[in-house]
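First subunit A sits with subunit B, and in the next complex the same chain sits with subunit C.
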Partner chain A sequence: MAEVVFDSVCKQYDDVVAVDALDLTIAPGEMVTMLGPSGCGKSTVLRMLAGLVMPDSGRILIDGNDVGGLTPGERDIAMVFQTYALYPHMTVAQNIAYPLRKRGVARAERMRRVRALAESLQIAPLLDRRPAQLSGGQQQRVALGRAMVRDPSVFLFDEPLSNLDAKLRAHMRGELIELHRRLGRTMIYVTHDQLEAMTMATRIAVMADGALQQYGTPADIYDRPANRFVAGFVGTPAMALIDGALLFQDNRAILGIGGLTVDLGIRRFRDRPVGTWQVTVGIRPEDVTIGNGPFAARISAIEPIGHETILTLEAGTARLCARVAGSSLAAVGETVRFALRQHRLHFFDVVSGRRIDEIGLAVVDGKAM
Partner chain B sequence: MSGARPAWRAAALTALTWVLVLLTTFPLLWMLLTSLKPQTELFALPPTFLPESISFAPYLRLLFDTPFPRYFANSIVLATATTLLVVAIGAIGAHSLLRFSYRGREALATLVLATYLLPSVVLIVPLYLMMVEIGLANRLASLIIAYTSFALPYALWLLRSFMAAIPEEMEAAARVDGASRIGAFVDIILPQALPGIGATALFTFILAWNDYLYALVLVNTDTARPLTTGVVTMFVTTFNVEWSMLMAASVLMSIPPIILFTFFHHQLSRSIGAAGVRS
Partner chain C sequence: MAALLRLRPATSPQALARRDALLGLLLIAPTVLILSAVIAYPLATTAYLSLHNVYTPTLATEWAGLSNYRAILSGGTFWHALATTLVWTIGTLALQLLFGVAMALLLNRNIRLRALARSLVLFPYFLATVVAVLVWRWLLNGLFGVVDHALIALGLIDTPVDWLGTMPNAMATTIVIGAWKFFPFVVIAVLARLQTVPAHLYEAARLDGAGSWARFTDITLPHLSGVLGLVALLRMIWDFREFDLIYLLTGGGPLDHTRTLPLVVYQQAFGLNQMGMAAAYAVLMMLLVLAMTIPYLARARGRR
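The block that comes next holds the complex of A and B.
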């Protein structure tokens, strides 16, 4: 098990800043997913850790050792690539044995370890085949085997499941979680798929535009997004983000969004501010309750998913989604009443986009904190 | 493609193919037949197609009474050395032009092709003077250098396009697995670039084997003369052409390229196919 530390790591390609002063400490044994849209720098982070790309500045430490001067092979890491990168001219057994061969492990020992690993990955009958003769799922297992065979202290995964079909992907997610539990190794997993990130990770690092947006447990990321980007990126359907104003009067907070006025009532604010604050309000679909409540909205779209239905609502100029269990009897164009779970609302600074209870204007509400 | 072609089209294509095959092979066949005819039959009127009596005399004379074996050995050394050099430099260079990032990489790749813009005739005199200057004139080395410089641009581009088809991730994987950059190149890139290397080797070998102009200018001693100029010097004079000797020499000269084609034609057609698909 190894701790991985990025200490103000920067990387620039020509004029594009790929990674901007990344500070991140990954505790030993974590399964961290780097989540972000394509081009956010997450793959560059992984490649710098692997030693395939050299950072422009900053340090990378594995278990306290600066790995800056080490080749990829010397870093005690293994990596699984999106395309699996199996060597097509070698058999499955030769592929898995390759890292051992490069480390001078004797032939008999190599064969013994490859065979044992192949048994555990259930690919023993495939050992003499070539990669081109395998299905996508089998190739995936061989790639995993090649990573596991020398028992590295850190595993890196670069979108390893994105070439698989949906069913196999769900299955492999489960296997990777099990693998992490069994090996207990530090694993870093790059993906743009938030479902993968949420289900597999012990912690998620959300990245955008080369910068780390938030590092926390999946629950943290979902329940307390650090800024507007994280709030909008994580969650399906996305959190509604609506610009509005918070008016403080007589120790009460009145929220005005898109023509709705929400009396936040008992909410108390640490700084006892006065006047009006421009904010962006985040509302998750599950925090909108349909049926009765103080507000009215027109249904503009209905998406039945089976176990639930997503309603798109228009209330004044505000547009938001609501999640309803089962199938809905409502029709498009109908007007419904709804309520907001006020303690679950998220507030972001209009200018900086940062979550408001983390800067000066702190919302102090037992449940929301 | 859908369905079978109409029968008449297949037949027409087959006929056309045979016409082309005959057109290309007839001179070769004529060369072989001429080399076996005795001198008296060569200019017989009307000409005979098959020799009336077969004579191996030209071959025997060629092998035992002329410097032909030495020229042959020179050509083999020349073509083999050039091929090895071009493949080695070409493979490493193509890899560099493809995977290493440095300032002016694309400019360099284009500049390499500029060699092709100049006709050989323009290059040959300065090249000769340079060879004299460094003391390599009249040596096999001068031809090896000349052919290498001439074959390398094409080799670089051919190998580069072959290697571009090998995913970058594969090399990255090898390095993470513990290979050095050279190790990854040798273990992973080279085996997959084999068809391209085969095609490059064949192209280079034929180029060096068939060249006449450079050999004529750069080498003027029997010890270093290759087959092309050697054979002409021996049998073509202002007053006489010894046809049966010339043809026998030509037949023997064709053997190494034919052997190489037999071994590498698969790679060659693949490389032509690959280049066609990519461009």
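The block that comes next holds the complex of A and C.
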């Protein structure tokens, strides 16, 4: 097990800042997913750790050792690529044995370890085949085998499931979780698929524009997004983000969004500021309850998924989604009444986009009233 | 009764198939005709001539049977020329592949002015042979050639070297100039293949602990094997039949030390005015070239 530390690591390609002063400490044995949209720098982070890309500045430490001067082969790291990167002219057995061969492990020992690994990955009958003769799922297992065979202290995965069909992807997610549990190694997993990130990770690092947005458990990320980007990126359908105003009056907070007025009471804001604050309000679809409630909205779209139905609502100028169990009898254009789970609303500073929390407005955004 | 009432299509499937077959023949007819005109007819004529004694200036022809072939295979000229041809072909081909692969690897890297270097490297291949040979003969000239001058200045030799007039210099020089002239062909083919090798394979190999030489032998070479086989076959055929470069450079000399089979054909046809003998030599050359392609065709069929 190994601890991985990024210490103000920067990387720039020509004019584009790929990674901007990344500080991140990954505890030993974690399964961390780096989540973010294309071009957010997550792959660059992985490749810098692997030694395939050199950082412009900053240090990367594995178990306290600066790996800046080590070649990829010396870093005790294995990587599974999106394309699997199996050597096409070698058999499955030769592919898996390759890292051992390059490290001078004797032939008999190589064969023994390859065979044992093939048994555990259920690819023993395929050992004499070539990658081109395998299905995507089988190639994936061979790539895993090649990563596992030399028992590295850190595993890296670069979108390893994106070339598989949906059913196989779900199955392999389960296998990777099991693999992590069994090996207990530090694993870092790059993906743009939030379902993979949420289901597999012990911790998620959300990245955007080369900067780390939030590092926390999946529950943290979902329930307490650190800023507007994380709030909008994680969750399907996305959290509605609506600009509004918070009015503090007589020790009560009153929220005005898109023509709706919500009395939040006094419990949320410790500092009990006064006056009007411009905020962005985040509302997850499951926190909108349809049927009864103080608000009215027009249904502008209905997406039945089977076990649930997503309704898109227009209330005044605000647009938000609601999740309804089962199928809905409502029709587009109808007006429905709804309520909000007030204690589940999220607030973000309009300017900085950062989360405004129970700690108080004045403390979080640094503006005194 | 039901059988009598069965509906019959106006046109039977057999008739339709016949009509398609006729259209097919019509469509390939132009190709077949052109190929016949430019390949089959000259081939047949050569084979016909090789069975006759033909006096080149008058084209007076008399039946000779297999006597031309008998004379060629029992005489020493053919075997000596064949050995010379093989030395030239194998020597220049090996150098072309070596230079070609090395240059392609270099041009595949992210070097500065790569686009310019890629075009410049093709220069020898596009240069007319007669121009290239004239330039080389000047460069190698013993009185005022730059090559001797530079080597003397560097202290490597004391007196000018006779590059083309003695053996083994003449053969070595011809082989090297042939390699210089034709290695860009290897570069183009190999470079194109190199660019299709997935970069992830090299990254995976680096993580697996492979150094640069291991990455070359374990990833690059296996990817190149197919294109190298094809390029080597094509260049071997072309080098085997190479005429103008050798003829212009040495004329086959000194004596007959660089006289390859194509030069013998030319000498027989226009020097000795024996078109029938020349044709017989040409037929034998064709059979040898065909033999060279057999391993490749066998391998291609095995892969299918």
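Definition applied: the second predicted complex is superposed on the first by the 356 of 369 C-alpha atoms of A that agree within 3 Å, B and C clash if a C-alpha of one lies under 4 Å from a C-alpha of the other, contacts with A are read in each partner's own complex, and residues count from 1 in each chain.
The rule is simple: a residue touches a chain if its C-beta (ideal position, glycine included) is under 8 Å from a C-beta of that chain, and two chains touch if they have at least 3 such contacts.
As the structure is a computational prediction, the values presented were derived from the model and not from experiment.
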Joint occupancy of subunit A by subunit B and subunit C, clash or fit: clash
Which of subunit B and subunit C A:131 touches, first, second, both or neither: neither
First, second, both or neither for A:216, with subunit B first and subunit C second: neither
Partner chain in contact with A:225 - subunit B first, subunit C second, else both or neither: neither
Which superposed partner A:285 touches (first subunit B, second subunit C, both, neither): neither
Shared subunit A contacts, counted only where both subunit B and subunit C touch the same residue: 47, 50-52, 71-73, 77-79, 81-83, 85, 87-89, 98-99, 102-103, 146
Footprint of subunit B on subunit A - complex, ascending: 47, 50-52, 71-73, 77-79, 81-83, 85, 87-89, 98-99, 102-103, 146, 156
Subunit A-facing residues of subunit C, complex: 198, 200-201, 203-210, 214, 218-219, 222-223
Touching residues on subunit B, where the partner in the complex is subunit A: 167, 169-170, 172-180, 183, 187-188, 191-192
Partner subunit C, residues of subunit A touching it in the complex: 47, 50-52, 71-74, 77-79, 81-83, 85, 87-89, 98-99, 102-103, 146
